[in-house]
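Below, each structure is written out as structure tokens.
Same chain, two partners: subunit A is paired with subunit B first, then with subunit C.
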Partner chain A sequence: MSATTTTAAPGRSLPATEGSLVQRALRGAVTPGGAVFILVAILFLAVVAANPSFGEPPQLIRFIGRTAPIAIAAMGQYYVIVSGEFDLSMGAVIATQVVIAGNYIGQDEGRVLPALVLMVAIGAVVGLVNGLGTTLLKVPSFIVTLGTMLALGGLVRFLTGGAATGNPVDSFREIGRGGIQDVPVLEVLPYPVIILVVIMIGGVLLMRSPFGRTIVATGDNPDAAGLAGAHVWWVKTRAFMLSSLSATVAGILLVGYAGVHPSVGSGYEFTAITAVVLGGVVLGGGRGWLLSAAAGAFALELLFSFLNFQEVESTWRPTVQGVIIILAVAAAGRAWSFGRRPSRTSPPAAPAPPSTPARPGTETGEN
Partner chain B sequence: MSATAAKVPETEESVRRRRAARPKDAKRRLGSTALIYLVLAGVVVASVVLTAVEGRNFFSQGNIWAVLTAMSVLGLIAIGQTLVILVGSLDLSVPYVVSLATVIAAGGMKGLDGNIPAALVNTLAVCAVIGLVMGLLVSVLHVHGFIASLGIGLIVSGYLGTNYQGSHGSAAPDLRLLGRSGIAGWIPTAFLIMLAGAVLVTLMLRYTRLGHHLYAIGGNREVARMSGVRTVMPVVAAHVLCSVLAGVAALLLLSRTGVGSPTIGSQGRYDLLSIAAVVLGGTLLAGGKGSVIGTIGGVAIFAVLDNVMGVMQVNPFLKDFVRGLVIVLAVAVYARRSVVRRPPRFGATRTVLPGSSTQQESA
Partner chain C sequence: MRPKIHRAPIAVASALLLGVFATACSTEDPTDGDTGSDNTSETSESPDASESPEEGGEQEWFDQAVYDEQYEQRSATFEGDPETPYLQYIDGEMTDTADYKSNKPGKACFANASIGNPWRQTGWITMNQQLKDLQDKGVISEMETRDAGDDDNTQIADIDYFISEGNCDAFIISPNSTAAMTDAVERACETGKPVVVFDRGVQTDCATTFIHPIGGFAWGIDTAEFLVDNLEEGDKVVALRILPGVDVLEQRWAAAEKIFDENGIEAVDFFTGADPTEIKTFITDELNKGEIQGVWMDAGDGAVAAIEAFQDFGADLPVMTGEDEMSFLRKWEETGLTGLAPVYSNFQWRTPLLALEKIWAGEEVPKEWVLPQTPITEDERADYIEANDGMPDGHYAKFGGEDLVGYPEVWQERQIP
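Coming up: the complex of A and B.
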């Protein structure tokens, strides 16, 4: 669509596309979206130094499997954040899916497939409601998703009485828990890792498609994207649906790990946002890479593992998380202009520009 | 446009335009706060009916007392949140600040009246410092308010989780007395304190330089800066005031519970509920437009809803469901209105333009 023509203009190329692959990789590493990969590498080395067995392939692949739900959730949150919105309903969606899995499937093997269809449908509907509330009703996404979070979370807790209920059949739990046995180096290849890789590849392809370009353009400047021919409301709504569907997948994986309790997934929305922000994605939209969001999730989990091995009390975890996201955002606010444009004084970390001032001019033009 | 021949119809037009703009604007502004109180009135009527169905009187002394008490804590926090949102930021740290404040105050008082002044000063000073750090992060380091306050909140919650298990300290008898005192058994002192805070903040917003700067920065920080407004101080002031007001709210909570609790804030979900109340009250989440009066209306809606759900003995989890629905529906009604609203001159030109453009073309 329109976005592809702007990214690769034949006359003057953007600084990010100049030079050899190595030069571009180096320049990319300086941006917050690239720096998070360096951060992951450093943290990984630190964890291995603290606990050498962590570096062995079987251990490592299990760690990746454990981190898969949060990485998938972070990638879902990425679509919404890069389009300039928030999704606070993620944790509630996860809780809903977990409880559905626990109570609808029960010990009936035959219900696994219908349940999966049902969960995906519910995820899509929640995303649709969030998206339409944000775009058509013009309610700030913070408020819409807060509303769905309270409503869904309340409903789930009401229906379950706030206690753990139901226990899905083991074959369903295997999705999150099991894996392919007897793999040469790794011993076991957990299903969550496979799912994570598939979602990553799908996400990267999606972000390179016209839809992905349009999401970023919409987050950068919704008015400009709208004038360029994008259906802003539908693009944003689809971003919300992707987010809820990601939460659904995360929920399916979490059933295997955590079991069925309505408090599974609580706080996931903020952890996912933290991971996305740690990945250098700018709140307010328009800047950031999908894989950086996933890398942000891994950085966060590696950090927690590191603290565990250092025998720091787990109660300090939130504090560390808080310090990290503040530092990451403070640094990122300065650094994005560095990689993108040669010289700009104002950092692009400002919140999304208000849409009203631009409108009168466009409308008088139509008259 | 500069032609002298067109001057006469042009001035007439501009006068008409200005006249057309003024009453319309006034009506709209009335509508924005009036609407929220209209909704409140509707909620109250529904509550009266529902309470009567349960065989009880909504306007009984005890019930009014309960509603006003419920309003006081969330009200104070929401007033602070209004300031922060007006200036274009956000404060997600309030629940942790509230918890921290109850723990510090209760720990400082140790149940003795003599310790009250020192404990008060300590508590509010800690809150002010937290607000100061947050304000500096937002204004100087340009960290998004969402992230700055989320981060600070996490830091404080880690501190609370590590150092305090279970309830801590105990409130001084005088403070507990304050929690039970009121006027004629109808209006609790806590509510009066909240009201005083609302009046003071409203006066500040309307009549002081700081208040005007808050609106200017919230509207557009860059434009405000280029117009000569120092943007750092008002943002910091808004965050400090918000945290201090959260501290005061914590003291009111403490006066009722009697002991400091490291989880009381997050149990109350004051971060999200206060933001919801502010937006319900007609303040734009993007900043620059809104009022404390509207916020109080939003808080009152929540308090009345909670009260009637309590009377009807609704399942506590179902309460959240209702709350969520009300937030989205109420804001949906409101947000559509406020999107149409724009600065008067643009609104005026838009409404007059079709007629005026044809006139100019014919002339």
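Coming up: the complex of A and C.
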């Protein structure tokens, strides 16, 4: 869980990096960003208890593969939320990319590469529009991204009339559907798992870079960040672009995994936001850990699978999901406030920790 | 969100608290789930529990009389030429239309529920080609269409607009939902102009003619009987349903569930919204739990994703019922699974305009115009795939527009008018 935090050898002694590995892991686990990993572990055990074959490596790796698009979308949403904004256009971006893949590539293998370029370009442009609308035009991001969501939704309807067209050529779908065969233990290593890991590593490195720290600082206090020399508008715009590009990657994986349908991606923005909140990232920005957002996505998917295994009535399913999500977020919120309550027994000599954590956005153990 | 003053984390307390919360969730749940699974296992194992589904949603949608009627209609004799199935009907009460006789081309006003699924899109294309034909013949001057986008309120407004300002000579209504549209249809009837209702019904018989294929129960009977014939008692069927609450879809499931119950087939149903991601997830989870011998669908949209889920999992392909959508027919042929393609006759989209032709000519039309609805079997599959060569995946094999202008390019390019 907090392996990434602990691998970095601290060159200086800050409260967040003090203590032994176990102490730090424990301290990390009680913050909302860390608690989600406990939640994932509990849900995983519950699912395995309900259905032991789920725990077998081949099934497990497939599960990770199919959760990859949601986890990637959640990490994209994280950048926007931690910078203090929302991105509601995510599901619409996914649907647009899925439909473009179906309509533009079709059965023509030669169009796979141009299509990928086109999709990335569209993702970047949507993010740019969201970002500039929010920062330069000063329209609340809730509204800007709602607008792009509607606009893209209209585009999808126009392109498809609201119904499925054909699937793109199989070689393109391999990205989301295929994998490396004959891997020991796992049988198959799905490409989405590899892509997910690469994006996770890239994301963690990004959050440790100056840009990553600026993004969290911007979400915490945009005025202070601006006075400290950050170009707030450009930082936020890039966060939106990261979000749309993540949605693009999720879309490419989903075309492969599932196929083309305008309903693919519907509701993803809310799933992603839920995952991010479940991961303990504070709405409003400035706090939270990237990998906790991904863990939040896994918690949600485990929950859905758990309900499948328990054979909850199909009509009741969304209600049960909703109640459990509220309970889980409430539990995480309690952990948060408990973790922050000043300890009356603690010696007053304890020095006040610095107002920013050692590595913003890369630490579970932040204040 | 709280003031940023307190900083001392109390590790153990909150970890415990979270643990308590989380376990509370997960222990609460199995009990929920247990009652659910008890129900399903009871209904599938013991025949005396067959009343239990009626406590839930079944009662609402299952109607024994209509079920029996549609059961019979599946083998009824249809009047008219089988070459033009869109003009065939079951003998019954006819509406006299002498009063509507007219010698000049009339304007048709079409309140459409939506073109939001491939079935409706295919029908809509066919309808427009049929319109061109009747415009050339001088029967219809123009057709004004309002698309309600799957919204009851929009469609009521559309119909009222047509009544007050549409300058319509006849109304064609494809209702979005049954109960909500009844009043609006009655208002259209009060204008004294011909009213043609097709596809989903309304709770009034004021319409000049109500055009529909046999119905949802017939679909459920055909598909469930096929699965029962090809499976053993105790086998498991996953039922993939689009959404709850639409009568034509609910009736399909109500009939199928009854037959599964009676024959000891264990059936689990899921609502998928036709989203292939959901379909794949549900099936993969079910496969994780154990073997699945059959897949039942209340509409074929997404059938390919369902089959792919079995392939990707490495499981044996199920016995499966889809629909006459080309994507399913092709995948069915490619994989060689045991299957059936039930048909909700798409050619019915031609019939409303042809009915207007008859009405304005003063010819009588059936009060309830029941069109044939025959599934495509494995033996017929190759013929339909060949006949629809070059058609897109979302096309429906029994679209019935082969003799219309623009065939086949218009359907191949699938330009939605």
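We adopt the following convention: the second predicted complex is superposed on the first by the 303 of 367 C-alpha atoms of A that agree within 3 Å, B and C clash if a C-alpha of one lies under 4 Å from a C-alpha of the other, contacts with A are read in each partner's own complex, and residues count from 1 in each chain.
We adopt the following convention: contacts are C-beta pairs under 8 Å (C-beta built on N, C-alpha and C of every residue); 3 or more make two chains touch, one makes a residue touch a chain.
The shown structure was predicted, so the numbers you read here are calculated from the model rather than taken from an experiment.
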Touch test for A:133: subunit B only (first), subunit C only (second), both, or neither?
first
Name the contact category of A:315: first (subunit B only), second (subunit C only), both, or neither.
both
Figure out whether A:289 sits in contact with subunit B (first) or subunit C (second), or with both, or with neither.
neither
What is the contact status of A:147 with respect to subunit B (first) and subunit C (second): first, second, both, or neither?
first
Can A:51 be said to touch subunit B (first), subunit C (second), both, or neither?
second
Touched partner set for A:79, first subunit B, second subunit C, both or neither
neither
Let me test your reading of the model: by the given contact rule, A:326 touches which partner, first (subunit B), second (subunit C), both or neither?
first
Shared subunit A footprint, subunit B vs subunit C, residue numbers 161-162, 284, 313, 315-317, 320, 324, 330, 346, 350, 352, 367
Quick one: which bits of subunit A touch subunit C in the complex? Just the residue numbers, please.
26-27, 29-31, 35, 38-39, 42-43, 46, 50-51, 53-54, 59, 62, 66, 161-167, 177, 254, 257-259, 261, 263-264, 266, 282, 284, 304-317, 320, 324, 327-328, 330-332, 334-335, 337-343, 346, 350, 352-353, 355, 365, 367
Contact set on subunit A toward subunit B in their complex:
86, 88, 133, 137-140, 142-144, 146-158, 161-162, 270, 273-274, 277, 283-284, 313, 315-326, 329-330, 333, 346-347, 349-352, 354, 356, 359-360, 363-364, 367
What residues on subunit C touch subunit A, complex-wise?
1-2, 4-11, 13-15, 17-19, 21-26, 29-30, 32-34, 36-37, 39-40, 56-57, 114-118, 120-121, 241, 244, 268-271, 273-277, 279-282, 284-286, 288-289, 301-302, 304-305, 308, 312-313, 327, 392-394, 414, 416
For subunit B, which residues are in contact with subunit A within the complex?
88, 137, 141-144, 146-148, 150-159, 161-162, 220-222, 272, 275-276, 279, 285-286, 288, 315, 317-325, 327-328, 331-332, 335-336, 339, 342, 346, 349-350, 353-354, 357
